[in-house]
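Letters A, B, C, D, E and F mark the chains as written, and numbering starts fresh at 1 in each.
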Amino acid sequence: MKKIEAIIKPFKLDDVKRALQDMNIEGMTVSEVKGFGRQKGHAELYRGAEYIVDFVPKVKIEIVVPEENAQPVVDALLGSARTGKIGDGKIFISTIDEAIRIRTGERGKEAL
Amino acid sequence: MKKIEAIIKPFKLDDVKRALQDMNIEGMTVSEVKGFGRQKGHAELYRGAEYIVDFVPKVKIEIVVPEENAQPVVDALLGSARTGKIGDGKIFISTIDEAIRIRTGERGKEAL
Amino acid sequence: MKKIEAIIKPFKLDDVKRALQDMNIEGMTVSEVKGFGRQKGHAELYRGAEYIVDFVPKVKIEIVVPEENAQPVVDALLGSARTGKIGDGKIFISTIDEAIRIRTGERGKEAL
Amino acid sequence: MKIRILALLLGFVLLPLSAYAEEGGIDKGDTAWILVSTALVMLMTPGLAFFYGGMVRRKNVLGTMMHSFFILCLISVQWVLWGYSLAFGPDIGGIVGGLDYLGLNGVGQEPNGTIPHLAFMMFQGMFAIITVALITGAFAERLKFSALLIFSLLWATIVYDPLCHWVWGGGWLGDLGALDFAGGTVVHISSGVSALVAAMVIGRRRGYPREPMPPHNLGYTLLGTALLWFGWFGFNAGSALAADGIAAVAFVATNTATAAAALVWIFVEWAHRGKPTLLGGASGAVAGLVAITPAAGFVGPVSSILIGAGAGVFCYIAVSILKPRLGYDDSLDVFGIHGVGGMWGAVATGLFASVGAQGLFFGNASQVGIQIVGVLATVVLATVATFVILKITDLITGLRVTEEEEVEGLDLSQHGESGYNL
Amino acid sequence: MKIRILALLLGFVLLPLSAYAEEGGIDKGDTAWILVSTALVMLMTPGLAFFYGGMVRRKNVLGTMMHSFFILCLISVQWVLWGYSLAFGPDIGGIVGGLDYLGLNGVGQEPNGTIPHLAFMMFQGMFAIITVALITGAFAERLKFSALLIFSLLWATIVYDPLCHWVWGGGWLGDLGALDFAGGTVVHISSGVSALVAAMVIGRRRGYPREPMPPHNLGYTLLGTALLWFGWFGFNAGSALAADGIAAVAFVATNTATAAAALVWIFVEWAHRGKPTLLGGASGAVAGLVAITPAAGFVGPVSSILIGAGAGVFCYIAVSILKPRLGYDDSLDVFGIHGVGGMWGAVATGLFASVGAQGLFFGNASQVGIQIVGVLATVVLATVATFVILKITDLITGLRVTEEEEVEGLDLSQHGESGYNL
Amino acid sequence: MKIRILALLLGFVLLPLSAYAEEGGIDKGDTAWILVSTALVMLMTPGLAFFYGGMVRRKNVLGTMMHSFFILCLISVQWVLWGYSLAFGPDIGGIVGGLDYLGLNGVGQEPNGTIPHLAFMMFQGMFAIITVALITGAFAERLKFSALLIFSLLWATIVYDPLCHWVWGGGWLGDLGALDFAGGTVVHISSGVSALVAAMVIGRRRGYPREPMPPHNLGYTLLGTALLWFGWFGFNAGSALAADGIAAVAFVATNTATAAAALVWIFVEWAHRGKPTLLGGASGAVAGLVAITPAAGFVGPVSSILIGAGAGVFCYIAVSILKPRLGYDDSLDVFGIHGVGGMWGAVATGLFASVGAQGLFFGNASQVGIQIVGVLATVVLATVATFVILKITDLITGLRVTEEEEVEGLDLSQHGESGYNL
């Protein structure tokens, strides 16, 4: 099994979720993160002083899928998360040794 | 070493923590995430209109253990996080190449 | 490619970020987590009653780098995140199969 | 209220040997009450900042609150410089006040009724402020801040000041006998209708109505509701311009109608959607406050319950059924609550008035007609003028932020600040 | 307060040629003060919503705030329809008021003392509201909303209205000479004791006391404390029913006792647990406000410090030592603060009264006995009636949410809303 | 204000047959107004807790709020026990009041002017409280709580009480003819200058100015601003000590200057940094409130605009340009806003006074000189005494928390509590 981690722009979450649902991905886990990268942060003001916030809000999506589904998921992510502007984010793929569904104890693909 | 990631129901965190402590697991890292899966979200109201929130609050627990401890930890998780209802969550196991304790620079099992 | 995950003390984030920038690491993803480990939590008061909060606020930094950069990054982390007191945190290293930049579709090292 | 001012002035003229005369016409009890009422009405505008600020998305909380807060500052100065003069200066043809009071020239400690003229001026000023602020709910989450500045200044000057003159300043609508105890037409219909026009001219928020845009902090909204309710005692009971029995009538009507409207909204939503909500209660309370405003000093407690109940039902329907059908994006339902609630209140005043004036149910059928004339006149003025003002504003600065700024949120894009660093 | 009403009525009867008579018995200074006080007391109930709402867990913030807000709406209407009549209608056997004032029939602008009758009615109404709202802290985080509706309506009608009549409406307890300046028995003992009964009948929250249930937003709790303290000036000093020296006495006593109680709680917790806490300060302040309530117009500043200090100590002990020992789950310590603080205040009034009445330390030993009779009568009524009302409510709708709903939180399960989307 | 007190006392002496005499010298309208004003000023201190609490980092929110709240409690008691006596007891050499009023001995319901002496005492007490609380912004996020306790008690007793006596209690500065309507020198210059001394003695926060320390909750800061603005009507218009024309003058000046200062700050920041900010608006508003305080009852609306505008400009410069150059860490800009705003206001009073007193622009050149003497005297007293008090406090408990405690935050380290569990 593969774990696909995507760091995306927060306002794209809805589109991404819909794209994944459309291809019958039934599970994912999402968290709020702060990103640091080529996309610059922004300046904020505090009583006439300016300071730079260099972390940018991002959303991380984690999806564990059987190996054969990895490429389609990546394609769906690329299709739905892209705006073409700096900061669109990354996809990282790694290997998962085992998955277990807590409710039933099922293992492997059955657990997803 | 193995990393065990469990996505569980938030109100089970206390039970899970106790179960892990009981088997002398001394470290874990917890974060708040939102899950999407078979468990349906809920409807919320906004001035007479209904909308669906499909992300469900979940807690993610990450525990890195020597390989031989992986199965006992999984068993403890299964024992303590299960309610038997949809949405109990998943356990994912993956491989960690190296672990280092920042304070001492110790590596491997010593670092855990 | 390697993913380096570091769990550090929140107030060290700024130093760590600077150390990584100094070695031209251009991307990382940060999230707020709660840690449980040797470092004890603290007591809080509620109308004359005391209770223990055993989770400690921590920050998790994830950095994906080409394999050859892993050791320098670890060194930078060790140098910048250490206070020498219990609770300084851990570094976990794992393997990433593939990285993709969403904006361009670039893969591998190019994507980082 | 106009009636009362006249009565008070008359009283002053006819009773030169009364207790008032001993202190130069100023009654300290009345003055204490009006000063307090003025402070209470002032607090309503920050209250509105929280009421509105809690309902928007987190990224727009400061931008939304800034609207109310900035208008509090801007119109405070506008009113002193020229607004009060346009509204309450010597009448010019029933349409607008003269410029005699520019910069509050000649407005001092002398009595106006039984209170210092300056106190009357300031009490009225707080009404001007909140009326402009109310509109901002319509275009929350997408207006350029520079547009807000220009729009507010023009709207206060071109719509509010003359309309206030029409009803309370010696203008034609007051002369006609329209009853508006504390500002149903002047404040609520005018802002509600202008809000609808603004929502349509400016257009919907990006993503509306596909994406849900849930309130980010209902605690703020409840806080705002509480401050509005609290301040509205000054608004309505203060409009008696005296600490007397009429003030008590208005106070009781205000509290009772508000409570009834909140209850009814809660029950209707419970029946309709299966759950009673806090936001529903808060929305109903504001609807009730709006509807009782023109009637407050003219009705008894049972009529107040009926007026409140009507507000709960009508505003709920407007907000939850009509709005989605018609498809406009009045972000925070200014029209659905202030427009609809205000119209119902104006008509209801013509139906239920029984204290110091008579409505239809108390034998005076003609009052309803007069009330409807008042509503229509307000609707026409507000619609036309708001449309023109928006077009002018658009020419000068543009109305909307860019799409990118809208996605980023007004807090960062317009103000370079974040609501929370939690 | 009863004494003062009598005095004012007497004054009115005996001085037909005084300044009052010139304006039909209404004093505008007094009226201004009571209208403001009424608004202040109204604000206390939303204040309570924040005081309580900040202390619960995040998932129950709206459900908790909704209790206070809904009761504000519900009892506002109940009071107008029949509550005022039961409390202040013509006395029936010292037990309850007659139905003459149903729907406020006959309650109008005419003077009651030196203020319009409607103003007196509304001032009293705000007391009825907050008393019911206070109880909700006992069953926070687990009550069904439908149960709240029924419980509140029954409790207001069966417990509050008659009890209010006993003490202030011409009933037997007032006749006995019990001193209760602003509602120590009527408001605080009654709600505190009922809260204890409710906590025991409804049972503990799931996980209590094993799991810590820390306050989710102490800023809200401090806001609530501030609004309570602010509003309580209306509650206590307004209970003079005049803007006079007694009002000033009550105002000073209120502020002083509150401050002293907060200081003492802070110091006691500091000594006992090693740290001075904000929640301790807030809790102590409320305890002081409670304890000084019956005494406010009867005591000087130094007595106020002592009464406040006693409240700080006794309520701290009740909440932090007694409650865990006895094991009941009065979620937000209504009994520990209002019950215990109210009883101490009632007795302390009998000890320290020196202005317009005498207590034990000023030579009138019998007053303490009378005070204790008042406490006991209130305890008995509140205990029995609350128990019965809870049983009835249980039959009609059930009292508790299901376990699953409790885990999910009241915001979502009862109201379909979330407190925050941050 | 002193002038007014004299006038009122004179009036009382010379008109024994006037309406006042009929009620023993107490005017109920005035009393109602002062009681309300006292409640309003009380609310300012919790308002300050939110104003300050929103600006610090999350980990210090409770520690910061606790400063204001604790001082409210502490000085409430100190004032009653000995503070009032030091400030308003029989004059001793123009320097300090005698101990006759210890424990409020002899301070009762009898009239002081036209209000009960107790009401005057309490109104003044609220000023003492907020003055001490204002200082806490200077050392936010690093002071030991035990140091706060000692510092506050000493500062109130050694600085505030005598200074208040100098200006209002019959002391030398009032005799000199210094105009200070509601406390420009007594409250704002004294706290602002003491804050600067404290910031320098205690030293910078760890990480300042390298690390940005953005406000954690600007909603709280806006709430605080709203409560301060609202309460300041009591502060300034209440300082008329009567519900009369002067109160109305002060009310209008307060609102107008505040609005103007906020607008100017917003526009200056917009021009200087490219964006108008909410925190700027809030800061400007407070600067305006500060600057108009000494002038409120002496100036008309146009002068108020100018005074407000000056405050906006001068305080902006002090905070955003001067402070970083000089490098001290006055965390929440107490000196930049209260010190600088207060000095500008004191001088501006000497320039613009035209109602009941004359300033430079109205033909009385000497007033400016007197005002400057007042400023200098206050600066000297505040600087020297604050320095000494800090040294004493340091000896007793130490001033700063440890580095570890500072990193952890005051909420946990000093109070064992967390602001939020979201």
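One rule holds for everything that comes next: contacts are C-beta pairs under 8 Å (C-beta built on N, C-alpha and C of every residue); 3 or more make two chains touch, one makes a residue touch a chain.
Model, not experiment: these values are computed from the prediction.
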item	value
Where chain E and chain F overlap in contact partners, by chain label	C, D
Over-half contact-pair match to C-E, picked out of the listed pairs A-D, B-D or B-E	B-D
Comparison of B-D and B-E (more C-beta pairs in contact)	B-D
Averaged-CA centre spacing for the pair chain C and chain A, given as whole angstrom	18
Distance between the centres, which are taken as Cα means, of chain F and chain B, whole angstrom	52
Averaged-CA centre spacing for the pair chain F and chain D, given as whole angstrom	33
Centre-of-Cα separation between chain F and chain C, whole angstrom	46
For chain F, residues that touch 2 or more chains besides their own	19, 27-30, 32-33, 36, 214-215, 217, 223, 273, 275, 277, 279, 415-418, 420, 422
Interface hub residues of chain A, defined as touching at least two other chains	31, 44-45, 50, 53, 94-95
Touch relationships between chains, expressed as pairs	A-B, A-C, A-D, A-F, B-C, B-D, B-E, C-E, C-F, D-E, D-F, E-F
In the complex with chain A, residue positions of chain D that touch it	211, 407, 412, 415-418
Partner chain F, residues of chain E touching it in the complex	18-19, 27-30, 32-33, 36, 40, 57-58, 214-219, 222-223, 225-226, 229-230, 233-234, 237, 242-249, 251-252, 255-256, 258-260, 262-263, 266, 273-279, 281-282, 285, 300-302, 305, 420, 422
Touching residues (chain side chain B, partner chain E) in the complex	11, 14, 42-45, 50, 53
Complex interface listing, chain E residues touching chain C	212, 214-215, 269, 272-273, 275, 277, 279-280, 283, 316, 319-321, 324, 333
Chain D residues touching chain F - in the complex, by the definition given at the top	19, 22-23, 26-33, 35-36, 38-39, 42-43, 46-47, 49-50, 53, 61-62, 65-66, 69-70, 72-74, 76-77, 80, 103-104, 108-110, 115-116, 118-119, 121-122, 125, 145, 217, 220, 223, 227, 414-422
